[in-house]
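In what follows, subunit A forms one complex with subunit B and a second complex with subunit C.
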Partner chain A sequence: MTSQRRLLKELHDSSNLPESILYLHPIDESNLYIWNCIIHPENSSNSYYKNGYFQLKIKIPQNYPIDPPIISFLIDKNKIDKNKNFKICTNIPHCNIDFKTGEICLDILKKNIWSPAWTLKSAIQAILILLDNQEPDSPLNVDMANLFRLNDKKAIESIINFYINNT
Partner chain B sequence: MALSNGIVIDNLEDISDPSDWSTSKFPNLSQLDSSLRCQICKDFLKAPVLTSCGHTFCSICIRRFISDSNKCPICLEETYESGLRKVLLLDSITKWFSNNRSELLKSVKIDQVNDSQDEDDANCELISNNIQILDNDSKSADSSKIFTINESPNNTEKKDDVLAECPICGVFMPITDIQGTHIENCLKSNPEDMKKSTQKVTRNGSTISQFFSERTNKTLQKSSSHITQQNSLTQNESSAQSQLQPKLVKTKQRLANLDTSLSTIKLREKMNLFNIPTQGTRIQMEQRMKEFINLYNANLDSMNPVNDRILLDRLQKWETLINNIKPKHTTPPINADEQTIKRQKIESKEWNNKNKDHFSDLIKQARSNMKKQKNKVKTDSDNIERDDDKEHEQFSDNDTELLL
Partner chain C sequence: MEIENGPEQGTDVNGISNPEKNSEQAQNSEENKPKKKRFEIKRWTAVAFWSWDQTNERCAICRNHLMEPCIECNNKLDNGSLRDQPDCPRAVGRCNHSFHLHCISTWIKTRNSCPLDSTEWALKEVVNNK
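After this line comes the complex of A and B, so read on.
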């Protein structure tokens, strides 16, 4: 019961989102345990990803908030929300995001680091911060990590722009 | 809110949020509101406990978390279950606030018509308060410095609160008096003079000890006001009593953490001691025992502890909730009698074992069918996704129906 009440509270609070989070809502009214989220990091002006829209899929375990939510980028073109007036990018070239599965490598989403005082909103804000602070030392995307190690800014920027503009 | 489903909206209405105060006359009350909430369940604190790092949570919330990982959810510092201490005063404050919250909210809601005027009035009051305070304290420059910062009507009470210990005789008294004639008298070390000066110090002829008893009353009055209405006790007694737990609790010992190296037989004995059901696998039993220990210890932190039987009830509810994750076909139909339930439990296991291969074949077939369909119709992709998830469940559901 606790997880449900807590999720209802977060739903109540989800009308009050920061600008970079466009949408944060359960996928279905009868099921509070799968949420959908759309982010658009336009406000951080020096971000490589500022022009992109990304969709996140959030699965919530039964004993949330003791266990962390399972968040991944949605990269399946068939499942993407098409009713929006913008195009959602399904390819995310990023050191800590798996290019093929959308899996996110972020310590605070791991069970031994996660704290129940955090909310879905704060977890997504952490992902937004991860977008601008790539960690090439624990990569899920080796190619991007290599570019970051070489600090080839031009290559990084053009790769990211290529994927954002071609979806 | 885009929700159209009645169930969720019904629940949504009784969910309170600190932001409710933002439209009231005192938007700052949202700070009080949010600080009386547990950071884990985001609800008002129930039986609050203090960690060794100084943070407060509901007893049951922090116990559930700590039994998994020994750290504070806020500062991530190491915290142990044995270090938790109950905070009874906070418990009664929170209870008062959550009980009176809706009325309080109503009474400070801004009327749409008199909106601006009310605000102006409130501002006027604030300003006039400021002026008064300045007048009162202008005799002593030092104390007025303290009070002009962040002045609000609530702080006027504090005026009497700034006490300091005289460095010579060790008596507590208002700062201004120490800085005045008292120290001089003390230095003369004339005991009689000292007595006189301390008596002068006390305001309105009351003694220092009286002053302290008044002050404690003030803080406790709020927390116990709803209790005093019910009891005919004098305020002094009831404020102390509101922080007393029933005697029964004191005699009860907290349960120690579950020793996982315990043999199954001994674990069963232990569980029987509390009438906890002992069915299921070893892991299920351990989980059940752990949750019971959490519930039991949290109950001891509560102001109004409940009977062990109610705890067992809660334990059962918790378990049915956990079991909800499993496939639905394990739960028997609503109108089934006991025998069919038993039979179904045994038979469904056997049936599942027998027909494992058949099931997996069916699932394969269904998957390939789904793929074909997907290729044909690429329209409603969302629905297909959900069907995909439910697919397995549906098949096993059909099979159990055949059984009955």
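After this line comes the complex of A and C, so read on.
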């Protein structure tokens, strides 16, 4: 399988991660099509999300990298990684992330924009960039989009902090 | 740079020990004889690197090096359905990005754009690595 070999290459390369990606690995090494990822945007200093830990689930289609991976935030409390010694936030208030499903609205993950030159690592990096660059004009979370349109920084900050500190 | 050594050490420029010679004599004899070089290159080895005149060395689609066959051909070599060096040429686009011909052919069925710069893909040349 082409996709399997390419994923194996990415697995070998995943020892070399940027600081804000704490973990990027298949859930089970015998199945390279489901990966688990934990991000912590601490190093992007003026991020609203810098204190949070988030878990992403990555499903990879059989004809990857022709088709994009399906990446979403894990919001099911029962499924999060409890072995890690930090608290993973399962409520993500963000204009482009569905609060109830964890779905991410990001153009490069859509079939008509995705390019096979992207890797899992670079796609996760794009999600980290999305966290700090909200796009209120194509929202999945209308309430957050409204706050961003009003540019109510105080409200935005306190809502995000509330959820990061209370999950 | 001090070439002559002091009398205590008693060695001349060529490194031969000569305890009686003082530094002044050393200077006189230097003027008579043609000056010997302190360093002499006896042997040198030239090292050169080469690479294709192209913007990328790796195929961005399968991540194999462009000098090696694509992942699909590697698979065939491994499972024995191909025995010899596979015919896996390199395709260069008008944007000067290169991919394996096999890889880019699969991709452009999905969208006719260069995976690296999203411009419309147009084939400039096909180069055989064999």
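The rule is short, and it goes like this: the second predicted complex is superposed on the first by the 167 of 167 C-alpha atoms of A that agree within 3 Å, B and C clash if a C-alpha of one lies under 4 Å from a C-alpha of the other, contacts with A are read in each partner's own complex, and residues count from 1 in each chain.
Criterion: a residue touches a chain if its C-beta (ideal position, glycine included) is under 8 Å from a C-beta of that chain, and two chains touch if they have at least 3 such contacts.
Everything quoted here is computed from the prediction, not taken from an experiment.
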Clash or fit, subunit B versus subunit C on superposed subunit A: clash
First, second, both or neither for A:78, with subunit B first and subunit C second: first
Subunit A residues touched - subunit C or subunit B, whichever exceeds: B
First, second, both or neither for A:62, with subunit B first and subunit C second: first
Touched partner set for A:29, first subunit B, second subunit C, both or neither: first
First (subunit B), second (subunit C), both or neither touched by A:151: neither
Subunit B versus subunit C as contact partner of A:115, first or second or both or neither: both
Touching partner for A:15 - first (subunit B), second (subunit C), both, neither: first
Listed stretches 6-14, 78-86 or 258-266 of subunit B, narrowed to the one that overlaps subunit C: 78-86
On subunit A, positions contacted by subunit B and by subunit C: 1-2, 5-6, 9-10, 65-66, 112, 115-117, 119
Interface residues, subunit C side, partner subunit A - complex: 60-63, 71-72, 74-75, 103, 106-107, 110-111, 113, 115-116, 118
Subunit C contact footprint on subunit A (complex, rising order): 1-2, 5-6, 9-10, 65-67, 111-112, 115-117, 119
Residues on subunit A engaged by subunit B in the complex (per definition of touch): 1-2, 5-6, 8-13, 15-16, 25, 28-30, 32, 62-63, 65-66, 78-79, 112, 115-117, 119
Subunit B - residues contacting subunit A, complex: 1-5, 7-8, 11-12, 15, 17, 19, 39-43, 61, 64-65, 68-69, 71, 73-74, 76, 317, 321-322, 324-325, 374, 378, 381-382, 384-386
